[in-house]
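The two complexes that follow have chain A in common; it is paired with chain B in the first and with chain C in the second.
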Partner chain A sequence: MIKVEQKPVDEILDFLEPYNKILLVGCNACVAVCHAGGEKEVGILAAALRMARKKLGHKLEILEDCSTRQCEPEFVEELREKVKSVEAVLSIACGVGVQTVAGRFSDIAVYPGVNTQFMGETTELGVWVERCQACGNCVLHLTGGICPVARCAKQLLNGPCGGSQEGSCEIDKEIPCAWQQIHDRLKAIGQLDRMAQFIPAKKWGRESRDRGPRTIVREDLKP
Partner chain B sequence: MESSSPRIVAFCCDRSGYVAADMAGQLGMALPVGLEIIRVPCAGRIDALHMLQALENGADGVLIVACHEENCQSLTGNLRAKARMGYVHGIMEKIGLEKERLEICNLASNDGAKFAETVRKKSEDLERLGPSPIK
Partner chain C sequence: MKSGSNLEKILEKGLFAVTGELGPPKGNDISVVEKKAEFLRGYVDAVNITDNQTAIVRMSSIAASSLLIQRDLEPVMQMVTRDRNRIAIQSDIFGATALGIRNMLCLTGDHQSFGNQIDSKNVHDLDSIQLIDCVRTMRDEGTILGGEEEVEGQLRIFIGAAANPFGDPFEFRVIRLAKKIHAGVDFIQTQCIYDMNRFKEWMQMVRDQGLHEKVHIMAGVTPLKSAGMARYMNKNVSGITIPGELIDRMAKAPKPAEEGIKICVEQIEELKEMEGIHGVHIMAIEWEHKMGQITEEAGLLPRPTVS
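Moving on, here comes the complex of A and B:
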């Protein structure tokens, strides 16, 4: 899922300095799972912001809410009555959620309360590691389920560089060499021959961010 | 006359703090006037949100009274509470609230004396710090 981290409270307080009444809205999907933007985090951040502003002698009224999924227009529409009654919105959803709210309610300022980091896995409670960079053309069937785009520092597609040393990446001994991992995994599942299959360079346009925002259209799902 | 005693919210775990508080009361030990006890099944039930809400709702200080570190009946509830307290300390520093206002105390169920001493000392410390600037 998408993993995010909360912005520092002082940065958020700077955003909110001109306002006396805001809506703080979280999301119960990805950001709740990484404990940064769910319903509980809305409560925590709202309490912190109110206390900070009270201490400054400039009270801040905060309406609190949490969308089921802030990237869906139907769920964002549910915020309309609250949005009408505030001066600004602070969203602690991922960047997608912030933009969905800003797009839906275009006459009010919408501020981000988190920094969206990556798509990742929960490796243990409280630890999240990047696993996917949405390259647009998944090759995990050729690499034993280990992504060379997200997990190789150089995003090499056809084997390790000369810096791979004893299973570690040359940039940091603590980081495993993705291609060592790919080799070991393919060997374990009897697919080592797939390492010889050439993976061509990623295509511009469809498979990268160089032609503007990518779009997927499913005509069968449109009303 | 309005009480000038600091307002202390003490989250007391069922297995240690609450029993110790009860013992202190039964033995007639002096406890600060401003003490409010909130009973919880385990310190692990106390979330960062509860600690902040206690401070926002007028507590001058918050105390988490939990089992000794290797004696939690839920195994790690007291450690979780301590870690969450650390997280809230970070928030308190950022918003200009003294982190000394929020503390954890580990004791056993038969330690009524330690409970009384801890809350008395907390009250004295809070008198020195002054009332919460959030009130």
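Moving on, here comes the complex of A and C:
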């Protein structure tokens, strides 16, 4: 799921400086799972901001809320009354949530309280690692279920570069070489012959991300 | 002839080829290129011009290659996929061949985190094997990548690539070579060899698959200057391993620099006898003035003149 990290409090204080009353809104989906933007974090951040502003002698009133899913307009709509009563909104949902709120309420400033990082997996408690870059053109069937686009520092599609050493990437011994992992995995599932298969130039542009915001239209679901 | 380059002619004639390497200046000072070029003149068949190696910003490989041609030396233009998308790559290949560049080396390139622009965004629109496929398509099919559009003019270029027998996973290294051959590579220059046993093992796998008959393999060597350099390279340079006994030999030598050249010459002598090795690529990094001595002592002179 989408992983985010809270912005430094000083940065948040900086853009909230002109306001006396705001709505701080989280999201109970992905960002709650990564302990950065859920209900609990709304409370913690609100307390921190109130305290900091009190110290600065410029009190900040903060309404708190947390959307079920901030990327869905019907859930964002539920915020309307609270939004009407404040001067600005601080959202600690991912970048999608921030934009859904901004798109819904055209006459109020919406600020991000987190930096949206990546789509990743929880590898252990408190550790999240990027796994997908949403390239729009999945190659996981060719690579043993391990993504070279998200996990190789050079996004190579035809095997490890010469810098792969004892399972590590050339840029850092702590970073596993994605293609060593792909190699080992293909071997384990009896598909090592895929390593010899040439993967031609990827269609990054035509089918993937470089055409402005990508859109999926499902006619069968439209009203 | 695919390119008519001197390097291609020598390799096609079955002669043992010698290439050197020249790193362009970190600026536009032509005299740096001139000075290094004169150290190499007469000792090599062609000179690799590196493309922002280790991600350090330098004069472009195309420009420095062109300067070499003006001085009657043959370049092997290196090109990395790190810094260009397929539009820039193909455009640069048009330009390079128009300037008379007849050899190129297709590389992925060191990661930008090694260089002096660590905040840059790498491109890798293509990888090195896709780059080989791209150049071969342009040259042999006469179209640009992806199909129909014809190239105006005719591309004459000898396509090279690197191979690193010292990278992991070891068993994949020959498969990767086979992929490069399948994509259309004409010649290979290997990573610097220090671990001769592992190199021999790799070459055995290459010969077992008959790959040495499908591509010209040039073995890469770099003379060591000191035990410190050896230790540093072993630890820090990606894709290079230096066996302990070699480091010890350098450490014990009264004159390490001369010992380094001696080791290099011994390696070349051994490589000359190895089945499937068609030449050596001598990377005397910032030691270009030793190229005369190395090639002389390794019995590589005079370089042949071919027509």
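By definition in this document, the second predicted complex is superposed on the first by the 218 of 223 C-alpha atoms of A that agree within 3 Å, B and C clash if a C-alpha of one lies under 4 Å from a C-alpha of the other, contacts with A are read in each partner's own complex, and residues count from 1 in each chain.
The definition used in the following text is that a contact is a pair of C-beta atoms (placed from the backbone, for glycine too) under 8 Å apart; a residue touches a chain by one contact, two chains touch by 3 or more.
Because the structure is a prediction, the values reported are computed rather than measured.
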Problem set entry | Partner chain(s) touched by A:201 [first = chain B, second = chain C, both, neither] | second
For this session: In the overlay, work out which of chain B or chain C sits against more residues of chain A.
Result: C
Exercise. With the two structures laid over each other on chain A, which partner does A:188 touch: chain B (first), chain C (second), both, or neither?
Worked result: neither
Exercise. After superposition on the shared chain, which partner residues are touched by A:163: those of chain B (first), chain C (second), both, or neither?
Worked result: second
Exercise. Between chain B (first) and chain C (second), which, if any, makes contact with A:129: first, second, both or neither?
Worked result: neither
Problem set entry | Which of chain B and chain C A:175 touches, first, second, both or neither | neither
Exercise. Once the shared chain is lined up, is A:51 touching chain B (first), chain C (second), both, or neither of them?
Worked result: first
Seminar exercise, completed: Seen from chain C, its contact residues with chain A in the complex are 82, 86, 108, 110-111, 113-114, 122, 124-130, 133-134, 145-146, 162-164, 166-169, 172, 175-176, 178-179, 182-183, 191, 238-239, 241
Problem set entry | Residue ranges of chain A touching chain C (in the complex, touch as defined) | 153-167, 170-171, 177, 180, 183-184, 195-196, 198-202, 204
Exercise. For the complex, which residues does chain A have touching chain B?
Worked result: 8-10, 40, 43-44, 47-48, 50-52, 54-55
Exercise. If you look only at chain B, which of its residues touch chain A in the complex?
Worked result: 47-49, 52-53, 55-56, 91, 94-97, 133-134
